[in-house]
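Read through the structures below before going on.
Presented sequentially are two complexes of subunit A, the first with subunit B as partner and the second with subunit C.
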Partner chain A sequence: MIGRKALAVYRKELRQIARDRRTLLILVFVPAFFLLLYGYALNWDIRHIALAVEDRDGTGDSRALVAAFVNSGYFDRVADVQSPADIDRLLNLNTARAALVIPENFGRDLVNGLRPQVQVIINGDNANTATTVMGYAASIVQSAGAALFEGQLREPPVSIEPRIWYNPELRSTLFLVPGLIAYILMITAVISTAISIVREKESGTIEQVRMAPIDTFSFMVGKSIPYFLISLTSAALIVFAAMLLFGLPMRGNWISLLVAVSLFIAGALGQGLLISTAAETQQVAFQAAMLSSFLPTLMLSGFIFPISSMPTALQLVTYVVPARYFLVALRGIVLKGVPIAVLAPQLAALTVYALAMLALASVRLARERG
Partner chain B sequence: MSVAIDVSHLTRRFGSFAAVDDVSFDVKAGEIFGFLGSNGAGKSTTIRMLCGLLKPTSGTATVGGVDVTSDPEGVKRRIGYMSQRFSLYELLTVDQNIRFFGGIYGLDDAALARRRAFVIEMAGLQGRERTLARDLAGGWRQRLALGCAILHEPAILFLDEPTGGVDPLSRRQFWRLIDELSHSGVTVLVTTHYLDEAERCHRVALIDAGRLAAIGTTAEVKRIFADRPILEVRAANPVEAMRQLDALPEVESTSLFGTAVHAVLRTPSSTPAGIRVALEHAGIAVQSITPVAPSLEDVFLDVIDRARARGGSAA
Partner chain C sequence: MRRLRRLVWKEFLELRQDPRLFVLVIIAPIIQLTMLGYAATTDVRDVPVVVADGDRSPASRELIARFDASRNFTVVDTVTSLNDVDAYLQRGTAWVALAIPTGYGAAIHSETPVSLQVVADGTDSNSTTVALGYATSLVNDYAQELVSRRAAATGVRVPGIDLRLRIWFNPQLESRYFMIPGVLALLLLLVTANLAAMGIVREKELGTLEQLNVTPLRRWELIVGKLLPYGVIALIDVLLVTAVAVFWFEVPLRGSFWLLFALSLVYVLCTLGLGLFISTISDTQQQAMMTATFFFLTPMIYLSGFIFPIENMPRVIQYATYLIPLRYFLVIVRGIFLKGLGLAWLWPQAAAMTAWGVIVLGLAVARSRKRTG
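Coming up: the complex of A and B.
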C-alpha cells in the first residue's frame, strides 16, 4: 500500500513539474546557463598580458629574449619605451600590465658568461594575477636564457623538472568544473525541493494531504524521487556539456561517478525538505535554500578557495560542508580516475550527510503532521 | 441512532491560551451537524483535533469509534475532509486530481474507476475531465473538492467553511449534495459563517471563545427566546432608534439587522404598541414595529452576549 500512495504522490509531482514552466526552467536551463557563465568567466589562466619593453641593449640576443616573451603566447608587446618614466606612465594608465627591461650590454655580458640580469616589472594590484605573471616571466627568462647560454655554460649538476599530473597545462577550468557541477547541483536540488513543499503549504493542498492516511515516508519518497531523477539528468547534462565545452576528461568509472552524484543529490534533497519544514513562504524557502547551499558551496568547499589556505577555524567549518567531500570525490573520479575504494572516506561522509538530512526532514515532517 | 462523533471535555491550549475549552457534544450517524462561531472561536481547532491533525491537551474524542489521540491514522481512514480553500492542485486536471487523492487514500484501480465515475457525475464534471483545476469556475471546483474528499467513501465528513466565496446558486447545489450524502448515511460536521446554511443543519452547536455556548436543533436553540419576544423596529434613523431602545427598561438588548433594529424584550408582556409610544415620545419617527420570529443570528448574538457577560470580559 505504501508503494501505491508514494506512486500517487510521485505521479502528481511529475505532472505538476511538467506544467510548471518556472520550476522546469530552474531545473533544466539554469544549470546549463550557470555552467556557461561560470565556465567561461571563472578562468584564471592569464593570456595576452600587455607588455611594455625597454630594450637598452638592442642586440640580437636582447631581441631574442623579447621574442621569447611574445612567442610564449602569454604576453602581447604593446609598447617600446625609452625610459623608466615611460614605464611608470604606461603601468599607471593600465596600458601595460607588465614591463620588461633589458639592460645595456646584455648581449655582451651573455657572451662573456657574466649572467646578466633583466628586470620584469609587474602591476601587483591583483596579487593572484601578479603571481601568475611572475611565474610565466621567470620560466620564459629561464628557458630563453638557457637557449642563449647554450654551449657557453655547464649544465647545473642538479636540475628540477617539475611535471604536473592530471592537468599538465594547469588549466584552471579543469580544476573548476567539478566544483561548478557540485555548486549547480546543490543549488538546484535544494531550492527545487524546498519550494515544492512550501508551495503546497501556501496553496493549502498540504493540509488536504495531511488529512489523508498517508505516512510521512510515502509522502517524502513520492515527493523527492521526481526531483532526484531530474537532478540526476541535470547532472548528466552538466557533465557532458563540460566535456564538450571545456574538455573535461573522464578518467574514472561511470558507476563511481553515479554513486557519488546520487549520494550528493540525496543529501541536497534532504536539505531542501528540511528547509521546507521550517519555511512558511516560498520567498523564505528560497532565501534559506540559497544561503545554506550557495554560500558554503562557493566559499567553503574548496571549489574556488583552497581549504588548506584557510584559517584553522574556517577549515573546521568546512568539515560540515558536504560539497567539500563531493568535490574531492568528483575530482578524483573525473580528473584522476582513482578507484572508488580510495574515495571511501568521502563517500562515507556524503552518506552521513544524506542520511542525516533525510532523517531530520522526516522527523520534522512527521512532527508537523502530528 | 448510533453516535458517529463523541466529544468529551475536549481542550486544546496554545501556551496559556485555550483555543478550545472543555467542549463536549456528540453527533449521531447520518446527522448534519452545524458548527457555528465567529473567526477564532475555536471551530477549526476543534475540527483539526477531530481529524487527528492536532493532539488535544486534555479530554477525549472518538470519531467513527476511533480515539483521535491514540489512533489518528485510523481516524484519517474513516473521514473525509474539505476545507474552505478547496485545496485542489491547480496545475492538475480534474481527472488527475481525482487520481491523486484516490491514490493517497489507497484506492485500488477498480475502486478508483468506480468512485471516479461517481464523483464526475456528482460534481457535474462530465466532459471537463481534462480541464485544469484552476480553469474551473468556483462551484465546480467546490464540488470537485467535495468529490475528492469522499472518494474513499468515508462514513464521516468534515467540511470547514466549504462554501466561502461561492455564488448562491452553487451554494444551494452544494447543500443539495450534502443532503444526499446525509440521506445515504454519511455523518456531516460542517462549520459555516452563513446562518441560512446553519438552518439546513439537523442540529447546531455555537462555539464562542473556545467554549460551547449552545447546542440543539435550530428550533431548540431558538427557544431561548421563548419568553423574550423580539421586535423588529424600522425607523428613519436606526442608530438613534437603537440608542433610545437601549434606554427603555423593558428592552434587554438591541442589534442592527440591515436597516432594521432587533430589540429583545425582557418579558412577554411588553407590547409593540407601548414601545412605539415610548420611541415616538423620544422623537423617533417609527416606520414600523412588528414582532418577529427569532433567527439563528438572533440566537448567535444573544448567546455570545450572555457568554461574555458571564465571562465578565469581552474576549
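Coming up: the complex of A and C.
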C-alpha cells in the first residue's frame, strides 16, 4: 500500500521536475561541466613564477646562477632591474612574485670561498605559494653553489630520498577532483530538495497534499526518490568524466564506491528535506541550504584546507561535516584502493548522518502535516 | 524623492517581516568569517610522521627528536621496518614515513654519506609538497650542521652560496592574512547578488511587481528603491567584517579605510547590478537561485583567485577571469590590507570594476524595460 502511494508522489514530483527544463538541465549536466572547468582551472602546481633579477655583479658566475633559476622551469625572468625601488614597484603591481638580488663581487667571493650572500625577495601575501617558492629558491641556490664548485663540494653527510605513493607526480588534480565530486553532489542534492517542499508551501499546493490520503513516510519517499536518482546519475557522469579527462584512477572496488556515494546522497537529501520543513520562504530555504552545505563542504571537509592544520576547536566541528567522511572514503577507494573494512568508520558515520537527517525530516514533516 | 523613500521603507518592512532572513543576512556573515578565518589555512603544520627506525642508535634518536621538536612534524609512532608503515599511510594516520637504514649511526660516525628514505602519501599533493620541503630542509640543515662541526674541528672553510630569503607583506607567512580580506569580497557577493535577485523575482512570482509597475513610480525610482536596502545591508556587512578582521583576527589594515569603504561601494554596485540582471532572466525564485549559484557565483569564486592563484590556470581561462569583478576587488582589498596601496596603484582595478558595474546595470535596466514595457 505504502509503495503505491509513494509511487504516486514520485510520479507527481518527476512530472514537476520535467516541466522545469532549465532546473533539470542544471541538476544533471552542469555538475559534469563544472568538473570540466574546475578540473582544468584549479591547481596548486606552481610553475612560471614571475622573477625580477637585479644582477649587480654581471660576471659569468652570476649569469650562471640566474640561468639556474630560469632553467629550473619554475621561474620566468620577467624583468631586469637596477634598483631596490624597481623591485618595490614590480612586487606592488604583482608583475613579479619574487626578486633575485646578486651582490657585487659575487663571482670573486664565490671563487675565494667567501660564501657570497644572494637575496631572494618573495611576495608573501599568499603564504602557500610563498612557501613553495621558498623551497624552490633554496634548492636551486644550493645546487647551483655545488655546480659552480664542482669537485670541491663533497656529498652531504645525510640526504633525503623521497618516494611518493598513490599520486607519484603529485598532481593536485587527483586530490581536488574527489573533493569537487563531494562538493557538487552536496550542493545539488541539498538545494534541490530544500526548495521542493517550500515551493509547495508558497504556492499553496501543500494544502492539497495534506488533504490527500498519503502518509508522511510515502510522501517523503516519493518526494526524495526522483532527486536521489538525478543525483546518482549526475554523480556517475562526474566520475566517468573525471576518469576520461583527468586520468582519475579507480584502484578500489566499484561496489564500495556506490555504497559510499548512495549514503552520502541520502544524507544530503535528508538534510535538504529538513531545511524544507523548517523554512517558510524559498529565500530562507536557499540561504539556509547554502550556509549548511556550501560553506562547510568547501571549508571544513578537508576538500581544500587540511583539517590537521586547523585549531583544535574547529577540528572538533569538522566531525559533524558529512563531507569529511565522504572525502576520506572517496579518496581511499579511488586513489589508494583501500579495502572497505578500513573505511568502516567513515561509512558508519555516513550511515548515521543519513539516518539522522531522514528521521529528523520525517518527524518535522509529520508534525507539520498535523 | 518621497515616492522613493516610501518604496525603500516598504522594502525594509518586508525584510523585517521575515526575521529569519534578517538574521541570515547579519549573523551569517559573522559566522562565515569566523569559520573561514580559522579554517581557511593552507599552512601545513604538525604533519603526522611514522618512523621506521632500523638502526635504534643514539644518532637515529637524535634525528627523530629533531623531527618531533619541529612545529612542522609530529612523530605519531616508531616501528622497526618499512613494511610496517603501509597501514599508517592507508588509514591516513601518518602522511609521511621516515625510514632510517640499519647502520645509519655508524655511517654518520665514520663520515660516510648516508641517505634516508622518505615515503609520502601523495593524495593531498599540496600538503605533501610542503611536507617534503620541510623534511628536505630539516635534513639539509642537519647535514650543514654536521659539515660545519667537522670543518670547525679540522679548520677548513666550506665553499658555497648563502641564501637570504626575505618575505614581504606577510613575513610570518600567515595564510589568514591572505584569505580574510578575500572573505570580505566573497561575502558581499554571496549576500547581495542572491538577495537582490530573489527579492525581485519574488515580486514577479507573487504578481506584486505588476502592481508596482502601475504606480506612478518612475523606472529608475523602482530600481533604486528595490536595490537600496540591499546596498545598505551590504555596507553594514562591510563594517562588521572589517571590524572582525582587524580586531579579532588582527589582520593588518595598512592602507586607508575610507578608500576600502569607497571601493566596496563600487563593488556592491557591481554585485547588485548582477542580482538585477539575474532577476531579469529568471521567472521563478528557484531558477534565480540556481542561475545565480551555478552560472555566476561558483565560477566567480573559483576563478577569481580567491583560493587558487590565477597564474596557475591555463591561458584561456586566465583571459576569462578578466570578466569577473571579484578578481579586481580581490586585488584591491588585498592591496589595501596587506600592501597599504593607494589609488595611485589600484586605479586600473577600480576603473575596470566601475566599467563592469555600469555595463551590467545598463544591461539589466534595458532588459527589464523591454520585458515590462
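By our rule, the second predicted complex is superposed on the first by the 270 of 370 C-alpha atoms of A that agree within 3 Å, B and C clash if a C-alpha of one lies under 4 Å from a C-alpha of the other, contacts with A are read in each partner's own complex, and residues count from 1 in each chain.
Everything below uses one rule, namely that a contact is a pair of C-beta atoms (placed from the backbone, for glycine too) under 8 Å apart; a residue touches a chain by one contact, two chains touch by 3 or more.
Since the model is a prediction, treat every value here as computed from it, not as a measurement.
By the touch criterion defined above, A:336 lies against subunit C but remains apart from subunit B after alignment on the C-alpha atoms of chain A. By the touch criterion defined above, A:204 reaches subunit B but does not reach subunit C.
In the superposition on chain A, contact is made by A:118 with subunit C only, not with subunit B.
When the two complexes are overlaid on their common chain A, residue A:214 makes contact with subunit B while staying clear of subunit C. More residues of subunit A lie in touch with C than with the remaining chain of the pair subunit B and subunit C. Once the two complexes are laid over each other on the shared chain, residue contacts for A:20 go to subunit B and to subunit C alike. In the overlay built on the shared chain, the residue A:356 is in contact with neither subunit B nor subunit C. With both structures placed on the common chain, the touch criterion links A:7 to subunit B but leaves subunit C unconnected. Residues 20 of subunit A lie in contact with subunit B in one complex and with subunit C in the other.
Residues 51, 53, 55, 72-73, 76-77, 79, 81-83, 85, 87-92, 96, 99-106, 108, 132, 148-149 of subunit B touch subunit A in their complex.
Subunit C makes touch with subunit A in their complex at residues 18, 20-21, 24, 28, 31-32, 35-36, 38-48, 63, 89-92, 108, 111, 113-130, 132-133, 135-137, 139-140, 142-144, 146-147, 157-171, 173-175, 177-178, 190, 194-195, 198-199, 202, 205, 284-287, 289-291, 293-294, 298-299, 302-303, 307-309, 311-314, 317, 331, 334-335, 338-339, 341, 345. Here subunit A touches subunit B in the complex through residues 1, 4-5, 7-9, 11-12, 15-16, 19-20, 203-205, 207-215, 369-370, going by the rule given at the top. In the complex of the two chains, the subunit A residues touching subunit C come out as 20, 22-23, 26, 30, 34, 37-38, 40-48, 50, 65, 91-94, 97, 110, 113, 115-132, 134-135, 137-139, 141-142, 144-146, 148-149, 152-172, 174-175, 187, 191, 195, 199, 202, 279-284, 286-288, 290-291, 295, 299-300, 304-306, 308-311, 314, 328, 331-332, 335-336, 338, 342.
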